[in-house]
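Report on the structure given below.
Labels for the chains are A, B, C and D, by order of writing; each one numbers its residues from 1.
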Amino acid sequence: MIYFDSDYMSGAHPEVLERLIATNAEQSVGYGCDGYTQRAVELIRKACDAPEARVQLLVGGTQTNATLIDGLLARHEGVLAAESGHIAVHEAGAIEATGHKVLTLPQHDGKVKAEEVERYIADFYRDETYEHMVAPGMLYISQPTEYGTVYSLQELEALSRVCHEANIPLYADGARLGYALAAEGCDFTLQDMARLCDVFYIGGTKVGALFGEAVVVSNPRLVPHLFPLVKQHGALLAKGRLLGVQFEALFTNDLYQRIGMRAVGQALRIREAFTAHGYEVVVPSPTNQQFFRLPNTVIDRLKQEASFELWGPRGDKESVVRFVTGWSTTDEDIDRLIALLQNAG
Amino acid sequence: MIYFDSDYMSGAHPEVLERLIATNAEQSVGYGCDGYTQRAVELIRKACDAPEARVQLLVGGTQTNATLIDGLLARHEGVLAAESGHIAVHEAGAIEATGHKVLTLPQHDGKVKAEEVERYIADFYRDETYEHMVAPGMLYISQPTEYGTVYSLQELEALSRVCHEANIPLYADGARLGYALAAEGCDFTLQDMARLCDVFYIGGTKVGALFGEAVVVSNPRLVPHLFPLVKQHGALLAKGRLLGVQFEALFTNDLYQRIGMRAVGQALRIREAFTAHGYEVVVPSPTNQQFFRLPNTVIDRLKQEASFELWGPRGDKESVVRFVTGWSTTDEDIDRLIALLQNAG
Amino acid sequence: MIYFDSDYMSGAHPEVLERLIATNAEQSVGYGCDGYTQRAVELIRKACDAPEARVQLLVGGTQTNATLIDGLLARHEGVLAAESGHIAVHEAGAIEATGHKVLTLPQHDGKVKAEEVERYIADFYRDETYEHMVAPGMLYISQPTEYGTVYSLQELEALSRVCHEANIPLYADGARLGYALAAEGCDFTLQDMARLCDVFYIGGTKVGALFGEAVVVSNPRLVPHLFPLVKQHGALLAKGRLLGVQFEALFTNDLYQRIGMRAVGQALRIREAFTAHGYEVVVPSPTNQQFFRLPNTVIDRLKQEASFELWGPRGDKESVVRFVTGWSTTDEDIDRLIALLQNAG
Amino acid sequence: MIYFDSDYMSGAHPEVLERLIATNAEQSVGYGCDGYTQRAVELIRKACDAPEARVQLLVGGTQTNATLIDGLLARHEGVLAAESGHIAVHEAGAIEATGHKVLTLPQHDGKVKAEEVERYIADFYRDETYEHMVAPGMLYISQPTEYGTVYSLQELEALSRVCHEANIPLYADGARLGYALAAEGCDFTLQDMARLCDVFYIGGTKVGALFGEAVVVSNPRLVPHLFPLVKQHGALLAKGRLLGVQFEALFTNDLYQRIGMRAVGQALRIREAFTAHGYEVVVPSPTNQQFFRLPNTVIDRLKQEASFELWGPRGDKESVVRFVTGWSTTDEDIDRLIALLQNAG
């Protein structure tokens, strides 16, 4: 069986695992006050060209979103997000559990439009009853989105401008950021993310780590008391150095980029193969997630040797499927999938 | 330098790490739906003699406490705990952040007394204004306590009886449960914990794992919707099998017991050595944490080659210190500490 | 100036005020434990034909919604509501502040459709990832809706059936319930509300009281600890008898019905007049709120002697306006408005 | 029967009621945007000599405490309070329900000591683990306290100094502030309260109003978004003018002071009578609440014609009782109580 279900199906990239093994017996202080974490923080600051940024390593994505969004919002504020945003749909109400509403905007292939954000805010304050409604206190975007699409540099700049004109922070969920940075046609850099977003995170769990997300707070005044907030959210890892060791490895010898580049390259090979067979590409994703509409007969035949997810409910004759690559996807896996496809049509 | 600061200073026990390495390249579904987790759950149910128990593997202690306490309490209820309980002091308000008050009871070497719990509840309902106050909705204990002491079987039975007569659940924080089970004079078993507590957790982070706490819900009706609750609290690990692999290792070949026995044996050697030098044992701890009152001069000399924590503020002439052993403490570490002590007096 | 802005612009109906005056100097115990409250509760139970119902008198609508919804939902659940529902739009995130998501459904003249509720729930549990999403834990409806429309008996029965088949409670916000019960063509009774809804409230603030909402919990097991919940939400009035006195008056000599009937009759006269002038009735409301599309020139002329609200933003040439009647609207007010309209066209 | 149970047993002071009657039929906008509220706000600013203060009228005390404390604290902070403080004991966890811990200090006749507040804060930041604990983010005091005692000007100044040196706001719960201002030996003024406290409230419910508390935010930058916060807490009264009308009356012709002076004078007569009979005054209260230790036989005889509360549980032979006066207590009530006491000994 070959696996394309998701990008968190195997353990850590060998270069990451090797460092965990090498440092396993060492003794260090807890809670991220160790030297590995300190070095990882410095590597990330450097990669972001953000020497003043506060960098905090956390364990998982929902935890990161809930902790930081709670830290960024005033009590009466909510967070703007695409209606398809992870926080709006698939975090079991983690944001609401901290007392804040998710205010949804239309999604366009998973993205929000700067002009729609701008209009939402303008309409909000034009409404005479606005003080009876939840004020938009920040904007959440996913880079790449849940549909694999990527905001261009121009789009990021427009969102950043709109947010800062409205005096609200821009936050980017980068659970798969490594694949956006390696996307076909990507025109922005990690430095751009740090420059344009007030807070974002560099996902590790889905990009080669066992677990771990590196939060970059470009403007540390926005979350002045991050440590107790992290602790309060149950998000403080006792053996914090495990995060430090992993992110140090990911930001050494360009490992984070290499993982992204390889997985995206493999995903594009998949897309090419499906396109060649005439199947519809449902979302124009340039990253490691690809979505196709396939006849159910084809799906059933592929499923005998390949594992992947239906995207939404199974249709009568056709259904949408998702193929995901990751650090552990091999070129042989892709070859085999292409061969399978040849026989399944 | 030899380290006695805490029991979470090094990585995973070699037998745990080995399994993480061996399984690293495998592909499995996420969120704890994998086979490793399933096997770990079965091993834990068996060890607890609790075939009906719901077992949930989580990442850390504060996260576990907040998620389960929130799940066990009704909106208007609070949680009873010793004033020295971890949730009352050192979790940055994680319980209050879920909307619940921590109702404190006097601590006696870190423990609460069944008769004081009983009296609290009786007094509460005798107070005519009780509906204006926070109702005691459950009891939290730590086994062992933050001071290393252990509830005896008789004490556990009394607490369980008092709680169940009052119709509130008994919850035990077992962050260091392995050391309680291995304590000098321990007269209770894991099965007793499962029988007497409604919910408790078997700590992994401090007992040989990289991270991980195994929650045992003896009566699953008490928390019918645990999965979404875990997700909502940001406590769901994407690569959930990492927890399964580790707990499977800990519950194979009695590893969990072996780690506990060895570390407690080492701690008792430390206690013997300090006692032999006439230093005061501050808390009668039979587990892996030992507390002594030492002259500051002795502390300063020991500190040159050994790392350990002051317990509370430094006194004028004497201070209280804590020595902790763990899976990575070697017998040579203990020998060396004893030799240091010989020369420091 | 004649006022049609809202139904909470003047004080209490004279029959209510008179009772407040008559009882002002009496001494009674606080927090709703007094005899007036007890008698009001009995009158309401009788009017609802619900002798077992728990009746709780609260001060305001948002407070009532937040307290009861928080009490009805489990931690991981959210509340289904029309996207135009008061809790979804105009309560400043009061529901989210208690930790719960408002799950929105399409609105049809302010109402939700039973089949759409049914489909939402079915789709939810068919989604394999449903445990990562917020579970629909109850249904909120407004009767009448924010647009003045009313659920028919058949619609209420369908909603009740759908909810109970899904094992979730049906909750009705009756801030203006008196006007629904008096609506043109109304085919349901207070007893039907109590029979079909698990919890609903009988609005006083907008129907003749100074303030006050009477919550009817048809099935008291659903909210077993209402009193401390009310206290915790800051919703317990010290001089609780003020609520008792007012609701006793409202449910004596059919006052609640009389207020509703008169105000609805006046609203229908307004509608008739606007219709006679050929203006569009924007929402088919049979209650005390009426919505018309008027030329801005007409609006401006009317505004010189009548006070009323624009509904939404002012258009280029035409705008939608709302006219509301209440206990204090006089027949002369209506006559005068009709005369104004005559001259404004 | 004569009543000394509490100060919220009867309706509104006649001068307040009269204004409610006189204005009942008027039409005004809701939510406190009316002219009565505006005038009340101005009268209160003037009485406080605080022209820049934000004044917000709310309905009840617990609601006021929860709303303002939630607004003043950062997410990771808690509120310091005497262990006997209303928020710590008798608000059913309303503060914790907003996510914040109540950090308790020893009480001395209901009061906290400035030096103990200072030491708490100093000790907190000296503790190396302080970021794992709940930071003291504000100080709550009651003026007068739950035991009827009053902070002197010097005590208030010391508390204010300690708070501002620690950069945390001082908040005073003035549910019975009118009786503190009228207390025997009172040496502070309303202007002092506004000068020394960052936020406090002037209680109406217990001092002559039907209901209502006037919050004075001396430094409005501390709670920049009060209106939506009030709405979110369900604390916004639809017919907000009812609060305006009442506070306008209370601050006209010195009514608020007159009510306080008379009730305190009556309470002191009660104290004098009990003292003359040799009964112990349990708390040195100079306000409208008086606490005595009486033989149970005396209590039982008094109870035949007077209504008052036991303070705590009934003792074997003696018990502590509380007598409270209010606006509706008459001099004849006091005469009669004194006569009763004559015969009960």
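Basically, a residue touches a chain if its C-beta (ideal position, glycine included) is under 8 Å from a C-beta of that chain, and two chains touch if they have at least 3 such contacts.
Keep in mind it's a predicted model, so treat the numbers as computed, not measured.
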Most widely separated chain from chain C, with each centre as the mean of CA atoms: B
By the contact definition above, name the pair with the higher C-beta contact count: B-D or A-B. A-B
Indicate the whole-number Å distance between the mean C-alpha point of chain B and the mean C-alpha point of chain D. 43
Once you find the CA centre of chain A and the CA centre of chain D, what distance in Å lies between them? 50
Chain-centre distance (mean CA atoms) for chain A and chain B, in whole Å, is 34
Where chain C touches two or more other chains simultaneously, the residues are 75-76, 91-93, 97-99, 131-134, 228-229, 231-232
Within the complex, which stretch of chain A touches chain B? 3, 5-6, 8-12, 14, 17, 20-21, 23-30, 59-67, 91-94, 97-98, 205-206, 210-211, 228-229, 231-239, 242, 307, 328
Flag every residue of chain A that touches chain D in the complex, lowest number first. 70-71, 74-76, 98-99, 131-135, 225, 227-229, 231-232
Chain A to chain C touching residues, read off their complex: 75-76, 78, 89-93, 96-102, 126, 129, 131-134, 313
